[in-house]
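Each of the next two complexes has chain A plus one other chain: chain B in the first, chain C in the second.
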Partner chain A sequence: MKVKYFLTFTVVVAASCLLVALFTSPAHSRAASVAASGSITGKITYTGTPPKAKPIDMAKEPSCAKQHATPVTTEEVATGPDNTLEYVVVYISSGDQAPSAPTEGARYDQKGCQYVPHVLAFQVNQDLQIYNDDQTSHNIHPLAKANQEWNKSQPPGTPPIDAKYAKPEFIPVKCNIHPWMHGYFAVLGTSHFAISDKDGIYKIAGVPAGTYKVTAWQEKSSPVTQDVTVAGGETKADFSFKVTPY
Partner chain B sequence: MSGKVFAVVLILVVLTSTFFFAAHTWWLPVDISTHGPALDKQFNETLIGTGIGFLVSQFALAFFVWKYSGPRTGQKLKTLPGGAKGLVIFAIALVGVEIIMLESVGQKVWADLYFKPADPNSLVIQVQAEQFAFYFRYPGPDGKFGAMHPDKIDEGSQNYFGLDPANDVAARDDIVAASMYIPVNRPIELLMHAKDLNHSFYVRELRIQQDFVAGLDEQIHFTATQTGKFEIVCTQLCGLGHYNMKAYLNVVTQDEFDQWLKSQSQ
Partner chain C sequence: MRLKNLALGFVSALLILSLGGAATAWAQESHPAGRTGYAYKDGPFEDSGKQLYGRYCIGCHGPEGDSNGENAPWIDPKPRDFTLAVFKCRSTPTGTLPTDDDLYNAITRGFVTTNMPAWKPLSPDQRANLIAYVKSFSPRWKAEKPGTPITIPPETPINIDSVLRGRALFQKMECWKCHGPAGHGDGPSASTLTDSKDNPIRPYNFSIGTRFKCGTTNQDLYRIFMTGLDGTPMPSFADVIKPDEAWDLVHFLRSLQLALPTQELALWKAYYAAHASEVKPIGPENAPGGGK
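Up next, the complex of A and B:
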């Protein structure tokens, strides 16, 4: 008798757990939306003359200088083959449907006295971890305006800094110790974003069918926005920026 | 007895410490500047003068401690007539005379550095000190520095001086570097300014140590007489990264300098 009750109880509990899991798991909802969605992809190019990438002299920080076989250059306007642009953030700026919550943290590295990646895109309230991989102290200083501004010192070998931003904002990042270090945080209110690679290509995956405003942001240029309709499959959207040498 | 031991120990300490100075155990680094020999000469003369004063006073101290430290019975303690006032006045006057002598001897070295204008054929270089680095600017082929606009300062594009090459033609060929290159045996005029707060420009081998004072435009001049790589360090505590605020001075031949300038302007 006792065994029978126990078995029934176990089955009921297990079935309830399964049901709850089915309806609440983010994996479930994601799988459903991906099935009925497409992607936005394209190429970022420029017209005009870009500024020259200038070499960065790190002689005063030998532990960093020796990490770079070839001289490091400025990355504000990073160009690729065929007039393409790297480090351009492309994201759904309006009409976004059900942005999913981030499942893992974002990681930013201070490596060889540079910020890696140069531009890091992540979502509002997403956990951000900042690592110092160098043999020297850094003092990261994101120049936030909409969010709280702070700067934190990080000697070599110390644990990563945990941070989080509550409002969408493009935040220039500098190091209070090494003046040449420069990067950007792109804090976005959407889970649908991508950054162009060294060939200027970006791809935003898992976009539900619909019409959106998609914006491309480049740190030295005005953002460019266009309407994009996703019907499923791959939707092409190229962006072009006008750049000047100075 | 203890007084005699003290006198012996004192003499030993005095002789040991004097030995290290006389033997130049820890001595000045090599001098690579034209004004350095005069400065070093004065340093030496001052050290010899104060060294002799030091030895005489310590030996006198040891002598008196040795002679008068034992117990004395039946002798009245003697004091200076009229108290110590006269002695104190004499000591103050003596120190005053010493300082005035030092200054009158040293004023020529000082004036050559600070009151004499730079050689008109000097190579003019601008140095900007900021937390926590030095940046150097060369005027480029046109010989003119572009104007500085603090609002245009943009570290991300290496525009540390706030130049405006889009609108200012003189700024277009300016060369900005994080290391200082100078040709040997050529007079250098260094225009100094600080971006944020007080720093210092110190090159031991050049015998130059000059503070940057925020808000002041300063000028110093010197000529390097030896090629080599030397350290430029900040010697005014300027914050978190002060310990790490340095740059390198590369003294090279005129040919090497021309090549370097060319490589920087590309």
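Up next, the complex of A and C:
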């Protein structure tokens, strides 16, 4: 008797598992087989008065100071010709059906007591390697909130530090030893992103046809989002930030 | 007949499930899951963590555990923000949650030179119940497990060679950038330091002999620089200092404690008296990147 009940129960469970599997799997293959793909490109500009880039005094770290022929300046609001902005992360914030897994790790360098690049964008769970190219110790201290905050010393000549972040977050990075060192990790839930160059230009390639919310993020400003429809080829989307001198 | 059996079975299964759920909910309210090291008892209601927190902790740490209690504006350093689940004194690697024992020890020890007293008047069970409540302020405690405590190998012999090796490491690891060449907490970066909430923070001054925030023993000192003090500028050196070197560094740091009669200080004084001319000063002139 008992055996019979057990058998019936097993059959019912197995059947429902099969049904669930049947209904869920086609959705995944649909998302992956989107045909035409294009790119989103544009220019990042600002209105208003940006803060002046301040020169950084590295006299306390001679081994870094001598790497810079001209004094380096702060990069929180990096402006280019014709009111353009550098280091703006542009990414698909909603509607991304097929984020692809990263094929290689992201690399972040500490060079001349600066973070290179100033803003590094990468995907959740992507391998990140942090290098110290300097002749001085740095402590790399990403001030994560949604992810785990950690703080590690990295003396010169030591191997790169491996890291990974599981949740999307814009994480300020600092070195406590060299207080002028500031950077950002942009940990994104999409594989479709780009960072504006020194002329304020960005290009997100390999975007499947569709309608998306695209967000531009600048570390000192409120993010700007717009709807963008990609139908193959190149789609233009310019973004403008309001900046203040303080 | 069959149908009746089936219905009975279903109802009893539901009953068991819901009872189990209630038991789990109660367990989470007053007991941290996976707690080890302390016997846990069901105390009377006033001993529960929430009641105790409301009576003893809320004034500084705040009703939401976010360090915004009514006393907080007048306190420096600021109370811990439990919503971030970032803790200074851990036995676990940087970036991981502390163990319950770490939190228990922090409550028991208090934090010297801060407004956080040692809570010895509370019974061990009361302190344990407080830990359970403190852990309810951040979802991290549900999503993550505490880190695995670091291994501390047996201490190496204390002798002048170990002190000197530790001294070289203090130079090489550039501890002096914050803690100062003589450990007075006056290194070139000291005045710029802020914690993760942008509040100014001082590096430890070894010379005055106040006890360390995270314990008093050599093991505690070892643990501090190998795990780092999360939420502060003090990084972890676990990846770059080997265990033997770490003990050397402990022995050197003890020699900086001028206000205490440490064995290491006596060894250093005797060595310095005989070898003053050979001793290279700690500081930028001997930094790896070269001086000016």
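The criterion applied here is as follows: the second predicted complex is superposed on the first by the 211 of 246 C-alpha atoms of A that agree within 3 Å, B and C clash if a C-alpha of one lies under 4 Å from a C-alpha of the other, contacts with A are read in each partner's own complex, and residues count from 1 in each chain.
Methods note: a residue touches a chain if its C-beta (ideal position, glycine included) is under 8 Å from a C-beta of that chain, and two chains touch if they have at least 3 such contacts.
Predicted, not measured: the structure shown is a model, and the values here were computed from it.
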- chain C versus chain B on the shared chain A, clash or fit after superposition: clash
- Query: If you stack the two complexes on chain A, which partner ends up touching A:177: first (chain B), second (chain C), both, or neither?
  - Reply: both
- Query: In the superposed arrangement, does A:240 touch chain B (first), chain C (second), both or neither?
  - Reply: neither
- Query: Between chain B (first) and chain C (second), which, if any, makes contact with A:153: first, second, both or neither?
  - Reply: both
- Task: Could you look at A:61 and tell me whether it touches chain B, chain C, both or neither (first, second, both, neither)?
- Result: both
- Message: So in the superposed three-chain picture, is A:41 touching just chain B, just chain C, both, or none of them (first/second/both/neither)?
- Response: neither
- Message: A:51 in the overlay: touching chain B, chain C, both, or neither? Say first, second, both or neither.
- Response: first
- Message: A:143 in the overlay: touching chain B, chain C, both, or neither? Say first, second, both or neither.
- Response: second
- Could you tell me if A:74 is touching chain B, chain C, both of them or neither one (first, second, both, neither)? first
- Steric overlap of chain B with chain C in the superposed model, located at which of 56-64, 164-172, 182-190 or 236-244: 236-244
- Query: Which positions of chain A sit in both the chain B and the chain C interface?
  - Reply: 60-61, 136-137, 139, 153, 176-179
- Message: With touch defined as at the start, can you tell me which chain A residues reach chain C in the complex?
- Response: 5, 60-64, 134-137, 139-141, 143, 145, 148-156, 158, 161, 176-179
- Please give the residue numbers of chain C that touch chain A in the complex, ascending. 6, 84, 86, 94-96, 144, 172-174, 177-178, 188-189, 192-194, 196, 228, 230-240, 284, 287-292
- Complex contact set, residues of chain A against chain B: 51, 54, 56-61, 74, 76, 136-137, 139, 153, 172, 174, 176-182, 219-220, 244, 246
- Note on the structure: Counting only contacts in the complex, chain B reaches chain A at residues 130-133, 135, 155-158, 160, 164-166, 177-179, 240-241, 244-248
